[in-house]
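Got a structure for you, questions after.
Chain IDs A, B, C, D and E follow the sequence of writing; residue 1 opens each chain.
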């Protein structure tokens, strides 16, 4: 197993673990943490997919000239994407935390099962 | 007076209220009139013959004497061959056989039925009870003389009279009719006040119009 | 068939003959019924006397316009029915007013009188009248069905709806009668005939003693006389239709008298030996026994 | 229990999907067309040495604008959410014990340094690893430090909000300028590309990254401040 | 033209600018927000105009580089339309939410702006990852906007939404990155060009992207979270969610499908169908208005997804169809949600508050019509096109399920409308806010405008521009006039239209036209009786007449079907006006729409995709399909004529309608079905299916209808129900006549058409007049009215003689033709039923006249007056006409007879001077009349001579077994009139059909009740649903 596949496999495993936590734990804070884990896993997958074995970071400097760049650097696109993904994940997490805070303030509970007044 | 015959106030669907006077509103109040015979005597004679040969008896047994009417329908007496038959409705009958004693309660029904028959109409009193009360002469609740209440054409005496006597009585009635003397309905109309007074004297709970059309 | 004025007196003549024939016939049939009970029964002219008496009554009441018109409707129905059907085959004189319509007219005109009568009886306000009418209407729905089927079968058989032509097709011997050429239809029709003659076991409509006498309970005097007149015309008119459709019609008054009598007697014979059916019983009876025969007749035709 | 079992079953299904992806995956030996284009042309197109930065700020600038907007949005909503639950009267809150002298002085010493580092990181985003987001986060960490050391410190929402909004608005304006002056929305060539590898090069990229840095720092700070203000009394 | 990128830039810039404002400058902030939204709308609108003007789609590059190296946007016609939709919805919602936004301040406004911007971004972007970014922006903005609600439960709903959104975003991201890996590009067009699904690993990657985007459509059953938001969010936000977000998500799904290629179209279709059906079924069980609307949204979106999934056969018309459905849905649903903000209660019953506010009711009706795809709204054109395409390609299952779903949808929407109009009004008046009402009315205007636009681009004559329809709609604007003025206008309109179109009719059409237009005008005479303004009567009535008159003029199938829908809707509103008509009107509209769908399917099958399709070309339908087409159309038309099995709507609908409405819906409306059947049989003739001749089946249906209709009529206590059941029987006769497929059968059917119009209108009017005076329709409560209401009595008398077919009135003519017709028919067995049902008619007819007019007069009726003059007047016209028609039927019939000879030459009648002769018999109406009249007159005179002195007696002067009656009530024999008959044949009146349909609806409702338990309200469970949905789709896809 190469480093790349290992990274991707680990990423997927994190996603699954995160989802398992998010779907079975009743506490909403722990659900949020679990989603963070899953997001991390996704980010890892993103990076892993852009990885080309044995290449270097996509920064042009003395070590990597423009002419050699195509042969020396890894795929820069996933790296750019992962940044966006991280930030978005962060935003959603923050929002969920704020929700959790408000839910706790108004309902004095963090159990997801208590917020079922809307149903059917 | 019975509750359903008392005056009452009703509300129409459109909301207005008004009074109902059942005796007035439900029943015709006209008095009976004396009916003249046909202008030509020969026509009237023909009619009288027809009337006499077509006696339709109201199927209303008022007392025990009614038992003597049934044999008339049997093969033994077979009154049909004399033009006599029984009708279930007073409208179509013209002969009322008061069969035996007549209680006051029944009298009321008899009067109503008699008045609902169409003239000319005839009354036959059957048995002694209709003549003088018979064995019920001192009963507080039967009438004694039928003729006080209805215009009787023929009395058939006996207690009971046998069917043969009835047949004989009918033959007598036919003779009377043919002779143009079967004018009971007209007598009733002429002496209406008198009959009514007699009737009302015995019938205490009079709750019908004076004449039942 | 063009109309000529002379047809009016001819039609009246037919009417006259039929009325007298009917009066005598009904008395005769009553007499026969009495003889079954070992009585003498009424005199043969009794119907004339009763009729005369009723016309001669001196007092009358009326419950209203429809009550007044009911008997008129009734008798119009009877007279009309008689006159819309040719009585004597081959006779211009006694083909009456059949130029106005064919078999269908006759069949539907049957209801004209009943309808008017029902309305008149209804206006009398007597509950028994209405009960009688409901019984009559209920029974007629099932009783008419076999006849309708039979008529349909017969008109299919002769491919015409004209009564005259149907009669014509049956001429030339007894075997040409529908009775023999289409026995199923005739059987169905005759069962239906029983139901329409107001005789036991199908006389629950009048049901004397139970609902006094049903629709005519309030009728009397001339009203009743009109209805009595109808009662002698109407059955004869009806029997004439049966005679024309199924029994070869009549070529002369003699044949007419005999055939009508015989056909009429069918219902009498049944009537004197059977007790009365309730409405639902008679409906079931017709549906179970008569209708299948009728259906069979049109399926085969 | 049944639920957990069911979830595990589902995740196994999802795992199968992922396994399918893994099976179908072979690492590229060569860069694909897009990546090759970036490797070959970034320097010429944008003048940025850090290809990732070029992609983030220019090529996929719209994503980044969205990203910034996500943060802005989150900050706004967090403020909304928390404002709704905030107690009206700050006076009723019981003051925690004051921070010690050591903490206060130490944080005062560190904060400017941290801010400086942050500015360095985003200002050099087009040349070295790092950039506006990273720099902004570092900026916000200074605020965090201050909040941790002195929970009573009151930050001016106004300043944060002005920085946040103004930087965002200018970012959009620069984007629009790209439409007007150059090839399209967020085109960095509205400014000269300059010398490859210099600090002031790569057109508008350093400007945008600076704005992003400021904005991200302000957003995070705003969120942190909002959260700190909801701290419940003990 | 301003670049489309400015829509995004303005939204964002304004959002950021809002942050610069002081928190207290809320007015300014609000103004800025509105200005930004208006500017966005204006840009989108200007693009829409330009693109509609023929400009091709424009690609917008960002950063100055070509895709896939930089993100590209595209502005095409669909994008422009949806951008406009989204930004306008945002603008209007912002206007609507003024109070809330002002309270919460600039941050909330910024969130709103960003939400709208992000939605437009989803629409415009052509980049997969960019799509993800905008989706996430939408998610977060939604998370924020949910908080605008005053409902404390919204918090929980928002959190559930975020949980599910996390799962979705994980799937989407993984999908995007692997898709990028497979194709080397993030551009959607590149992915499509590279045939992603065929690449290694690409299929699963696509699957993940696809399922994530579809999940944004809130597909049934993975949508509990969305419903909670719909229920608890601010209505204006729900409007955005339902209208704008759905639109955006749909276009995202469309982009995905463009990548996935044809292989994924069936998947999309199936998911859409499941959503459409499932959501609509579940909506049946809802009693919360917003949740119901949420389900309806999900259903509608599912339908559009189906359309997208059918693009392989829809081809170039996909945008027209999908757009029609989507825009109609968006406008209607946004309108509904805005309207729900005006209603204070949350139960469906609380919407009764709208009653008494005609404008709001009109808004509601418009929205319902938009949603259901009724003409002239875009959904109608869209469904028309969709159904035709599906039928042409043989996708019958999809077609059937779509129609079924639509029917269910109309079920709960129409039921709701019935509640609003008829249920006891709650004491919570709608909010008086003018701005909110203005927003709602804008949606109404938009709906009608869309209708006009779709009419213009449909390629058909614009439905909104037909004169009869405009005439009917015109009554909306003169509702303030008194009823008699409107009535005059209506009568004049009908007359003028008849005069105007008169030259164009052949004899057959002339009969129908005369009944509809002249007959309609005569019935309208009775409407002069109404007092006041009678709001809400004339528009639907004239809509019905418009539909009817357009129906007989229709040449192509489109015009025909549109007219059919018009008359259905108009009559529905008319029927609903009755006092207790709510359930009956509902079953009417459901059966009618079901029938209409059958007609639609039949026409579509017949057209085989060739449009416009002349109805007469049905004759050229391929032999394989012809019987099916025939059956579908026949079922549709027979629904209208209430043939047995499809009849249960009729009695209630006709009986509960108003006095002058009953004759309209009975005397005239039923003829629409007969007209359809006439056309159908004339064009398609005899058809066999599996060796069974369909006309033979129709014969049986007609005969059974006649029998059961008559039988049931005999057992009714309610006079108008009696007449209604009688109509079923009469229509059975007519159906029978048509199905005989011979000359005389048709002549009889057409005679029935005329006769039934006359006597049923007359009877309904007279019975209605009596009911009006007596205050009841129960016949046993009446009685003895003959002297009080003699004219009504005469009308009924003549009517029943005519109905029963007794000579000498015109009914007999029908029977005579009927007998002659069956003589020449090949089939015998069904006749048995007809023969049986004939005399049964006497039962109910006698009951009708006896129990009302004869028998014993009731105390409280002693002072009744004759029915109002305006009701009597048309009745007397009918009486005169009946008598005239009885004497000279040839005036009308001989032309029809000649016309029918073109189709069935055999057995034509011979019309001599006074005698009518057929192959079998003859009939002379005048002679019969004269003979009967003479006999009657003579006998009457004779009786007068004898009994002229008869004593008039009163009602209790009857022989009563020597007693006397007690009360009229106990003496009037009327209740359970045919008790012995019920004993004999009552088994045939068991409500089997009612039970059958009841069982169907019960089944649907219990399914809904059981399935809704599935939505436990637990956010985690919803996430599990989501995941399960994804896995299930995967497994199904793997399996196929």
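A few points about this structure:
Throughout what follows, contacts are C-beta pairs under 8 Å (C-beta built on N, C-alpha and C of every residue); 3 or more make two chains touch, one makes a residue touch a chain.
The structure displayed is predicted, hence computed values, not measured ones.
Counting steps between touching chains, the shortest path from chain C to chain D takes 2. Chains that touch both chain C and chain E: B. Placing every chain at the mean of its C-alpha atoms, the farthest one from chain A is found to be B.
Here the chain at the heart of the shown protein, by mean C-alpha position, is E. Interface comparison, B-C versus A-D: the pair with the greater number of contacting C-beta pairs is A-D.
Taking the mean of C-alpha positions as each chain's centre, the chain lying farthest from the centre of chain D is B.
In terms of their C-alpha centroids, the spacing between chain A and chain D amounts to 16 Å. Averaging C-alpha coordinates per chain places the centre of chain B 70 Å away from that of chain E.
Chain centres here are Cα means. That of chain D falls 54 Å from that of chain E.
In terms of their C-alpha centroids, the spacing between chain A and chain E amounts to 50 Å. For chain D, the set of residues that touch two or more other chains comprises 3, 7, 10-11, 14, 18, 21, 25, 28, 32, 34-35, 38, 59-60, 63, 66-67, 70, 73-74, 77, 81, 84. In chain A, 15, 19, 23-24, 49, 77, 81, 84, 88, 91-92, 95, 99, 102, 106 are the positions where the chain touches two or more neighbouring chains simultaneously. Shared interface positions of chain C, i.e. residues touching 2 or more other chains, are given as 59-61, 212, 217-218, 221.
All chain pairs that count as touching, in label order, are A-D, A-E, B-C, B-E, C-E, D-E. On the chain E side of its complex with chain A, the touching residues are 129, 133, 136, 139-140, 143-144, 152-153, 155-160, 162-163, 165-167, 169-170, 173-174, 176-178, 180-181, 186, 224, 227-228, 231-232, 285, 1012-1013, 1015-1020, 1023-1024, 1027. Against chain E, in their complex, chain D makes its touches with residues 3, 6-7, 10-11, 13-14, 16-18, 20-21, 23-26, 28, 32-35, 37-38, 41, 45, 58-63, 65-67, 69-70, 72-74, 76-77, 79-81, 84, 161-162, 164-166, 168-169, 171-173, 175-176, 178-179, 182-189. On chain E, the positions that touch chain C within their shared complex are 784, 786-787, 797, 801, 804-807, 812, 815-816, 819-820, 822-823, 828-829, 831-832, 835-836, 838-840, 842-843, 846-847, 849-850, 854-856, 915, 918, 920-924, 927-928, 931-932, 935-936, 939-940, 942-943, 946-947, 949-953, 955-960, 971-974, 977-978, 980-981, 983-985. Against chain D, the residues of chain A that register as touching in their complex are 2, 4-5, 8-9, 12, 15-16, 19-20, 23-24, 49, 51-53, 57-61, 66, 69-70, 73, 75-77, 79-81, 83-84, 87-88, 90-92, 94-95, 98-99, 101-102, 105-106.
Within the complex, the chain E residues that touch chain B are 773-776, 859-864, 951-957, 959, 962-968.
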